[in-house]
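Take this structure first; my questions come after.
Should a chain be cited, it is by its letter among A, B, C, D and E, assigned in written order, with residues numbered from 1 in that chain.
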Amino acid sequence: MTEVRALNVDDTLSDDIVVDDNRVVMDVEDVSVYYGDFRAVRDVHMPVREHEITAMIGPSGCGKSTMLRSLNRMNDLIEGARVEGRITYQGIDLYGPKVDPVEVRRRIGMVFQKPNPFPKSIEENITFGPRIAGVPKSEFPELVERSLRSAAIWDEVKDRLKDSALGLSGGQQQRLCIARAIATTPDVLLMDEPCSALDPIATGRIEDLMQQLKDDYTIVIVTHNMQQAARVSDRCAFFTTEIDATNDRRTGQLVEYDRTDKIFSNPADERTENYVTGRFG
Amino acid sequence: MTLISPMVDKDKTAERVRARIESGGRDPKDIGFRWLMLATLLFSLLVLAVLVVDVVGDSWSVLSSRLGDFLANPLRSRSDEAGVFTGLRGTFWIGIFVICLSFPIGIGAAIYLEEYATDSWFTRLVDVNIRNLAGVPSVVYGILGFTIFVGLLDGPFGEDGAFGKTTVAGGLTLAVLSLPVVIITSAEAIRAVPQSLREAGYGVGATKWEVVRNHVLPYAAPGILTGTLLSLARALGEAAPLILVGAIRGRLGSNAGFFELGQLREQFTAMPILITEYATKPGDDWVPVTAAAIVILLLVVLGFNAVAVLLRNRFEAKREGK
Amino acid sequence: GGSDDSSDGASGSGSADAGECGEGSISASGSSTVEPITTRAAELYEDVCGDIQITVDGPGTGDGFALFCTGETDISDASRQIKDSEAEECAANGIEYTELLVAFDGIAVLTNPNNSAVDCLSFVDLYALLGGESDGFDTWAAGSDLGAGLGSDVAPYPDAELFISAPGTESGTYDSFIEIVLEGVAEESQGEEAPAGFIRTDFAGNAADNVIIEGIAGNDTSLGWVGFAFAVENTDIVKTLAITEEPGGACVEPTIETIADSSYPVSRGLYIYVNNDKLTSNSALAPFVEFYLGDAYTEAVTEAFGPDAGYVPLPDDLKAETDAAFAGAAG
Amino acid sequence: MAAPVMPADPDLLAGNPKRRQKESIVKTVFAGAATTSLVISILIVGSLLWKAQSFVGDLISPPADALAETRDGMISLSNLWTEQWAPRFMQFDIKTLLVASVIVTVVAMAVAGPVGLGAAVYLSEYASPRVRRILKPILEVLAGIPSVVLGFFALRWIGPNIVQNLFDSAGNQSLLAAGLGVGLLTIPLVASISEDAMRSVPNALREASAGLGARKFTTSTRVVLPAAVSGLVAAFIVATSRAIGETMVVFLAAGGSGNSAQFTVNPLERGATMTAAMASQASGTDGTIVETAFNSLFFVGAVLFVITLTLNVIADRFVRRVRQQY
Amino acid sequence: MTEVRALNVDDTLSDDIVVDDNRVVMDVEDVSVYYGDFRAVRDVHMPVREHEITAMIGPSGCGKSTMLRSLNRMNDLIEGARVEGRITYQGIDLYGPKVDPVEVRRRIGMVFQKPNPFPKSIEENITFGPRIAGVPKSEFPELVERSLRSAAIWDEVKDRLKDSALGLSGGQQQRLCIARAIATTPDVLLMDEPCSALDPIATGRIEDLMQQLKDDYTIVIVTHNMQQAARVSDRCAFFTTEIDATNDRRTGQLVEYDRTDKIFSNPADERTENYVTGRFG
């Protein structure tokens, strides 16, 4: 694979895509996200490639979660949240008129910072998504096993599928949440700091799991932990905040988006360098 | 050079420090205040305990000698025959109205406000309106009941001779009275559902209703149940609106059984009205009767209250323990 | 009483068959003073015709007639005779009725047992203390001049606080007291128009008779009035005053006898009005009224408030007139 | 070169129309439920105004039957400002009712304010979680005691045992006895809202204070109470509004149930509050067969409604302020 | 100064104190802290030396805050919290029978994770502590200026002392809280993640401030940010959690306590090394 040129937020990304990279499955073009009047993050360009892990890093409040949640219209649920610019999935404008956000979320699954299993049985956690999507009940047993296997938790729970998911440990719960997301047959998985509530061992397992999952899914992950970004991701977007002169509030922005090794070894922007070397944050 | 001009106690010989730290000092003001606050709390509990003891004591002669009679007999003009049957029956049906009308409508409205409504002038209006309705005195709801439910619904929902002052009118009035409280408490319970649970639902592609039905409502159920039970208890203890709606204080002719539907179109009475009537009857022999009726109403009302509060504590403890 | 079995009203343990009881339900409304009698009669009727539903309400005589004259009720309880205006209303609606005198109710004038200064008052004295011209008098003595001017032989009254404990304006007892005691003196004192009114209005009336009695008992120099039936129950804590119509006349204590023979001047008749059309259209009505005036009569009147207290039954001659009136109406 | 992604099936993300339809039906139903509250408000205001305005109209141009009941053959708006409340005589002195309401409310809040606040301070600042777990529910259960019960208690117990013991001149019923009864009724309300307000003060402030060497007394009075002041004011106003609107305690224990009352500023005397006047007007009308007199009920109701509404709006302001703060 | 030997949790610390180190002002000897039955942290030995900054690091839940709050009896405020072992200040057992915890907290001040100024004026925030300690009012003006100067915030607020403290920015609020703590003339300052709610610039200012303050005060700081610990502290305690075999709950423990440069360059324990090199957490 050839090296891509370090991106500059002012460039148009599509010009920079190199042919033998993986196909772009989601594209973020010139996107700003607002909460009411407040622009939380601005001018983001970020193509997401198939079967890659794309990481978003940056200091707290720089809009990583905001950006991530725009990718599957999860932000629709927040009063006043608004996306400007274009986000596409398989070439379809996610915010286009004929798009049903419910369907978007089915195809672009999400895993959250704090494991959030439903307070129901392990099995019901998995089958909820398929059930509401109209998958026939007869397929459930196979589907449950497949999802749990994919999330590398089948062996741990196969004898207690009817037990409450709340009885699982934090790391198990997080893998269950991944399994639950997988069960609706998405092809992109968004993960917002999926390990930050977990201990080192559970973290390790999730990281391993992500590596396995990327064969079948495209993954976008937000993390606070730079080492984690360096370990797991193929591509890395560094965000930071800057005071918006017009209203004196901090707006997040994409500083640099590039291959992970490049970001960590030879970043193009000084701010990125300061951050990845731990000068602040 | 520095900005800092230290003000550290330079004279910190170990002895001095020890003396101050080991002063042991309990401040009398501190202790006095604590006891004063405790006293106020105990005072309020004590007064209410006196009330309960006083009432139970007064009621004893009736409850111990003729409880069965007392429960089976209607509003009567003689203290040794008087009972609470018609009152209990009316209160039961009023409860049914509250449960069947204000619970579903109230919970529906709460779901709308918490889950569906966007921040619009309409939502704000409804919101402000509900909070104000909750503060409207119950006697004013009686006026509503009198003009609307008694006056306008006389024909369709009242039998001849009931003058519109029917169980339906009473039930509707108290259902309307409890609606705002049901909405507010249900909305609180729904608001307490962790956002992460909703996100989990939406994240796997559920519609709003699917999330609400499968996740939000089950989680909020104990809270909703608590709130609705409390508002039910409040409605069952209300007398003022029923006075305006014309609950019977003399003799209630209806000898319909407890569960007969026909009485909905007949005149009615209720426990609090019956207590008001007994409390204003002349003669000391009515005191035990009144007290006994109060004990029975308290059992019903405080029973609902206690169940509600226990339920909530149980679920809260469960949630925190998790 | 005949109903100490624990009948809840639904048992229908009647000894008579449906033919005698008729069918339907009965509604009575009107005076809260008469309501206990009608209620008691209805309670006793349960043993005879348990399936007949009789509702009795006591919002007041006026309200009762308002309903009665639009044909909504079968029976109207009244603590006074129907007014002309009310009779016109009935006529306008084509309602014909029969007036039945059922009992007497004395009004007892009360003070505190510790008040030994007064034992007997005349109408004039009562007017001087409670009439329209006494507005604002807060001691007994304040009425002295007025009383003396009207010929009282008791004035001057004691110089003590005048604490009034009396029925509220909504009650029949309040009206009767005005009508019987105050109206005549007022017209004499102020002229026909009675610009100062018949009764002073500057006291808080009360709806609950026991509370009125406790008010009397709670103040050493109280004055008030209440239905005789309530007063006799409480002679240990209140003192009933003897009354004379004219100053200097014979002082009469209220008792069952003195009320029945009309020697006690503050008494009134209690009535029920029965809708004539309903007597035929509602087959349950006539048997009930018959029972009311017949089997139930004595017990309902005397025991309306329990075995020891009650209203005063009609003397035989008046009772015969009532029976005859009903017989005529029932055809 | 960029790989221009060909749009896949444009309906790929169109979703299931059936589910969307169900969603919109459900939403409409719930919106309807929320709208009923508006309907109720309109009905309340409508039913108050309808007859209240006809009452005021009657005062301005009195009908004959109303005139017949008066002493001087005169009715005007000035009948709203005399010395007594006696609808039977066309005496509609609203200040008699207002002042009685104020007396009852002041007495009630003089009891419920400090006692409720003290109980709240204890529960929120001193009680161990275990004690709070026991006491708070008891207090809440007691909040459910129906007002007829407290009315009976005020009449039978507070009046004779407390008021008449303390004040020789007091009768068996008095505004004071009713006020005390209403006060007892509102203690749990004040305690509960105040406790919520104090508990919503972030623990960080308590820690800050303790960290500076403050004792609990100091922390409670100088830090927690001031920080919670909006909530406490709200609690007080809400309770005041409740006390003004309380009916049965006053109806039974204040002595004004006979539908006539004198203007008085003495809490030891009998009197009728707005609510008691409404209840007695509605429960017995032998004397007031005149429509005008009966309609005074709606006029008083309207006045009561405006007063409580104002208080609630003010209380809401304070509650909002609490929310904004933390 | 000579190097102190790397501490081992099983040693008794007093034996290891080297003479020419600063004086030990607080000593933590064999301390475990419980919440009810749950032992949150166990067997801590940790002498705190005068005019040094002692940092406590470790993964979330390892008991850093718990330990810190035991140092000025702040944990007394938590129902069921209990200290075993001995914590001394100037040789006095802090948990001795005659000790007044209120006085302890006056001498050992605390700054919290989230800035928590009182919702009062800036001035009142400062004078709160002295006032309850009985300092005469006449001394307040000087004391306010001195405290605010010490916390390097005087210039920013001197014209608005009567304004509400809530109007300050997060970083200013945190410095105000430090000023407030200083105003009661403590000699130890405990700080629980004082910068974690702040942006990089504000963080930098607080770090500078700590360096200045250590001339006059002894500082104990908890931080999540290893770079921060490395930048500011003289001595560093690394905690971690381990499953307690007896009850299957995680108990925190002190792994290593040493000079900061030693901890970061040449830790004695492998777990420390894993942690400081970012292998997890």
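The rule we apply is simple: a residue touches a chain if its C-beta (ideal position, glycine included) is under 8 Å from a C-beta of that chain, and two chains touch if they have at least 3 such contacts.
Just so it is clear, the model here is predicted, and its values are computed rather than measured.
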Among the chains, which one keeps its Cα centre farthest from the Cα centre of subunit E? C
So which has more C-beta pairs touching, B-D or C-D? B-D
Can you work out the whole-Å distance between the CA centroids of subunit B and subunit E? 48
Any idea how many Å lie between the Cα centroids of subunit A and subunit C? 86
Take the average of all CA coordinates in subunit A, do the same for subunit E, and state the distance between these two points in whole angstrom. 36
Pull out every residue in subunit C that's touching 2 or more other chains. 32, 58, 207-208, 211
If you look at subunit E, which of its residues touch at least two other chains? 102-103, 107
Can you list the residues of subunit D that touch 2 or more other chains? 19-20, 155, 215, 218, 252, 257, 283
Which of the chains touch, listed as pairs? A-B, A-D, A-E, B-C, B-D, B-E, C-D, D-E
State the interface residues of subunit E toward subunit A in the complex, per the touch definition above. 59, 199-200, 203-204, 225-227, 241, 250, 274, 278-281
Mind pulling up the subunit E residues that touch subunit D in the complex? 72, 74, 77, 79, 102-103, 105-107, 109-110, 112, 114, 116-120, 128-129, 132-133, 177, 180-181, 184
Which stretch or stretches of subunit D touch subunit A in the complex? 1-8, 10-16, 19-20
Touching subunit B in the complex: which residues of subunit C? 1, 3-4, 6-10, 25-27, 32, 35-36, 38-40, 42-43, 50-51, 53-58, 67, 72-74, 207-211, 213, 230, 233-234, 303-306, 309
Complex interface listing, subunit D residues touching subunit B: 19-20, 22-23, 26-27, 29-38, 40-41, 43-44, 47-48, 50-51, 114-119, 121-123, 125-126, 133, 135, 137-153, 155-157, 184, 187-188, 191, 215-218, 220-221, 238, 241-242, 244-248, 251-252, 257, 275, 278-279, 282-283, 297-298, 301, 304-305, 308-309, 311-313, 315-316
